[in-house]
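One chain, chain A, appears in both complexes that follow, with chain B as partner in the first and chain C in the second.
This part shows the complex of A and B:
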């Protein structure tokens, strides 16, 4: 079967094949997004769980995705330059504290700046350890996480005189998009199939966005542009793929790695600052492991900005849903049934009888679970985002390709 | 002959140089912070030493260190193979919960009961780690990510099981819930080995010593240990010599998870006798730091665990003297970071030193020829 396909594909002229692949690549995400929308609409109509795509759920999803996306972007910058950054969590913690302290003392913009700066300091420490001293990247990251926690707890006692939280950070303000939110809201209220769901998605995006939300979202295309469309980005990625080759071309690998890791810390710090300013104050344990999950989102996204945005969105959505409307999580089971059924059908079509059979049995089991219960136990609901991330990674990991020299210590002039 | 002995003296010196340098650096950083915030470092260290070396504090330190040691060994087994098991935390808490449930329900002869509890704990820890192993080997999911997710999922599973009617009962005299109290036959009596102390050392300190000995034997005296270290040093070389890396990944994660399952047991059978929301959490993460500090070596880890437990304990006194005890967390983190930097510097130094030695020896030989 596959060999037939390969043979016929090889027979095609190369130009045609390339073009069709390109077309495929460009349209594929849109087709997939459309499919997801239809599946969710079907499930929403079938179960009556309107919260599945309600504006409230989606707004929560967006707000919860952003800190993850920023942490993921931080991971992207560092790992594209070949430095694994598991210290994102610590840098985020420093960002939350910086924003809490400067935000409650001077104002939200100063808070954001301080959060970014604190994160960047964390990045600098990671860069000194991994780039200058060639320490194992994961080891250094673990130490940075510990250090970030220790420093912020210490500073909280010394500066804020309160070990657990800061004073209030004033709101940064939002701006109003004309007309659109009203239109989308009225369409969303009709609960029309697919149309209302799409309108709710758009409403969540344009409804009084905060300035720093827009900035955070904008960092995604900016990162893409800088890393993939500029000479600077090409050199930076070269340091992550083949540092010794980059060295022979006159690239100062140390410099690029330093810049990338500091940027990584700054982005994680932004994510932390977002959390603090969004909640209106800093508190101990505010990051809840978002740095780690952001890293997972980036791996899920195959070390690409768009992919990590999808990963962050997926986690943010399931997290938002379980926080806003736990009963609707039950309806997610039906989404899982549809996804599993499609996967089994594909496996059986490819004549992989064993895996297809196992997958089909799983489909039936989940379907039985869905039909047998009316709501899920609260603790199972709270695990939804993590289980989803794990499941999706289990299905997608084999196609992933990290930068070739990711995590390998580099020393100038030591290439073989 | 003479050159050989001086060489080994130098090797020992080099091995000790790194941790000593790192600890000195951590002390310097902490002192600078203390001075910066208007405290005298010598006073603070003096208070900590006096408080930490009181007999009851020593017992507390040893008891804390038992958990840290087991956690660090669990992490170190993975580290030796370039596997990073961040999931030790979830593994041990889930294992302690299930083991507590089982131990609370059985009434058997004392030794049998304890043995069953230990086996159950190891089994649960190993199973939870096996999920990460399966995902890594079969689905290519990095164990770093999967074990982090599994920690959160373990929280949910514990929450799900720790309700009355499943594994928990209402605890009389408090609002919380916990597993049924383990009967006397399932408990392990403490050892009064520290003179002058009111409290006793956990009886299962023996377990930690056995695990440490087993870890040393496995790594340095068995074929499996050799393969494990070889895979960690160079996977391609290991594959070339016939090591089945996937199998090694599964086995070492099972071992790591099994040891992780033991972390909560000395406390469970020696002090708390029940798993409740108050059961110590976060030891798995401490284990990572301790393993780094002890350089994955059974004795190094023991030293690291005792030091870490001592600092955790002794810092409590600082609050009484209006010094914020969080400064000790900074000290611990600095020690971990600087110890790895110091090892790297010492490694580079010893490599260049060896190269120089070889060059000198060769030169000397040429001259004599």
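This part shows the complex of A and C:
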């Protein structure tokens, strides 16, 4: 009894401090990331599934997240300016083809440039349709998706003389970070609780990154600074929130929408080019719906760069894990149990008995599933990234705040 | 600022012609006119949102041409729009600096912007927290942000389009304080309104616009609100007074012991009983929020009464749906026309169908009869003097008064036995008000029973044959409209004393 009291008294300040750190806007993301790291470490140690946070898994996760993140960024640029861009997938496809063609003919850098340019052309088409002609954004986006697929298949036959794939794209080259990778690798090899997991994360980031990986990751903070810290970005966002207000202040709304949608296409094209160059060649159907998932990641991220990075990372991680080591996916169930248990506890603490009760029952069911099985069936394993994304989207999209004029056609001088 | 011979045509209409206005620097100059008189068109011309077809604009003696708002801003002309032009999800600072952002090395310097906004706020009595999101602000603060936007751009001439339309009296006083402050510091304010008391209290000069042209510029010191109103309307001011009584002894609506309880168990209406006869207007007076809206909705069947009966022309309709009640002959003018009365983005003829979609001439069997509805919409437009270029324009293109006339016309077609009119002339101009009063009087003399809810006491006293006062969900007093004064009625509404 007394020892219980002592323990809870010792735990109390930590809990209180965690709470105040959580409440502070600046520290909240770090605290949450820390919690996630601890949960994964616990699960790794408990199940022995070292693949859960191995450097290999995390490197695959990073590589798989990047195209999604780029597509999401593309969506962010367009939607912040008030244009819904469901054509990201088509623009991405054009990017993969552009990179495949120019990459196999001239080299990887030219391939990247061509991929970006092709995506930008897709963006330009979307801008002409939606901004100049006031076509419904969804209709135009769907048309771009069909067009992107059709054009690339046509060009593949005409230019590459191979309807399904391009020749090989030479590797882009990597650069070496001094010392750090060695250190992180040796720490990671010890499988220490939390420390090794963190070391593996850092190792995945600094281990011979390809140039375009660094560029892609850098685009995230760059987008944030451009959109939120410059006059250009403020005007662009104003076009997505209140275009007629922007118009009365002398902002050329058409111009900003055009630039935003072209940038959006260029980013999606970069994402496509990344896929092609990373695989070493272009092939038909390479994007696998990444454009749509990127858009979902952006919505999950509440139309913000950091949020969409988390969304893309979530999908990339589960995808990387199921590709690299299917058995480790089973351990994810325990992560789910912990997350659900925490959620139930929070609901019950808030006296929301019904939802809390349902959530607790789900926790027990998943726990039972985890304990009763030793591995998951292959078709469940390959569906993991999609199921996870779906679940997280469904549970987390409670308080989303899209730009106010997103998807609403704008005509100059017709405001009220 | 000087305007000479401004004419602006739109396809099918001449919105402004031969407008002449001279605004002296450092004054508050009001421009008044009925809705649809062309004030808003004139303002758009002044602010460069479109070019006049004829005429010239001069600022400080220099002739200028505005081809976009940016040109007007450059000449020191700023506009505060009637519908706020603000981005809700951006901060006050972001909204204010948009389009003229202070930057250092390519990045926005929010610090400098904040300081400038605080300074302007202090200087003119327009203080707002620069870091608040606009969506968190109330209407009065939003208007300050609008004015700050204009001042931040260095405007010396401010155009305010119906600035008081959305404000409560307290906020109106604050706004007028700020306007006097601006004037005191040498700025010029052009103030557009149709609220005459306000205009007379704040303006140094008043220009009246009627039918798209300027008819007079007067000195508010020596003009009364009534004279000004007559200039605006161009004729004797209408009065709501009805002629002789047309009340018969045939019951149309009989409400007995109606009680209504809210979802959380509060009593909204208690023991309401009244009868309206053929040809009778029953007026319900009350301070807003005392159960008028709930009473109307209970009679319409939009809310389910807890107890009591509602009887129309001898048949108990307590359990009827709203649809059935309407078909049985109840017309309904809702209190908020843009939310409940119209589809603003739909053309007039589709609005004609609303609420009458099961009746001829709007439908045949299960299908909508577009031709019939259009023909009938045209009839309403003609008979009820709805001023519109055609029945195919969206309802939002009409002024409030014309929208309301369309609703009245719609509800009167199909010869209802009972008309429920909630605030029928709220927010419409004097001309449309007179027209709607005429329509109600004419319908009454044809034997229509009317349940009238209004906040305008003159309207209530003038139109009603019988007056009842509602207070906290109960009918607490009745008054004879022939003898009661607005003051007596007002005190009965607040429960201060019983009316005659």
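Here is the rule we use: the second predicted complex is superposed on the first by the 393 of 416 C-alpha atoms of A that agree within 3 Å, B and C clash if a C-alpha of one lies under 4 Å from a C-alpha of the other, contacts with A are read in each partner's own complex, and residues count from 1 in each chain.
The rule we apply is simple: a residue touches a chain if its C-beta (ideal position, glycine included) is under 8 Å from a C-beta of that chain, and two chains touch if they have at least 3 such contacts.
Being a predicted model, the structure only gives us computed values, none of them experimental.
Of the two partner chains placed by superposition, only chain B is touched by A:292; chain C is not. After overlaying the two complexes on the shared chain, residue contacts for A:401 are found with chain C alone; chain B is out of touch. Judged by the touch definition given at the top, the superposed model places A:235 against chain C, while chain B stays out of reach.
Contacts of A:52 after superposition: neither chain B nor chain C is touched. Once chain A of one complex is fitted onto chain A of the other, the partner contacts of A:383 are limited to chain B, with no touch recorded for chain C.
Contact with chain B, but none with chain C, is seen for A:129 once the two complexes are overlaid on the shared chain. Once the two complexes are overlaid on the shared chain, A:146 sits against chain B while remaining clear of chain C. More residues of chain A are in touch with B than with the other of chain B and chain C. Residues of chain A touching chain B in their complex: 86, 125, 129, 133-136, 138-140, 142-144, 146-147, 149-151, 153-154, 156-158, 163, 289, 292-293, 295-296, 299, 377-380, 382-383, 386-387, 389-390, 393-395, 397-398, 400. Chain contact summary for the complex, chain B toward chain A: residues 33, 37, 84, 135, 139-142, 144-146, 148-150, 152-153, 155-157, 159-160, 288-289, 292, 324, 326-327, 329-334, 336-337, 340-341, 344-345.
On chain C, the positions that touch chain A within their shared complex are 49-50, 68-70, 73, 79, 81, 83-90, 94-95, 97-101, 103, 106-108, 149, 396. Only residues 225, 229-231, 234-235, 237-238, 241-242, 244-251, 401, 403-404, 413, 415-416 of chain A touch chain C when the two sit together in their complex.
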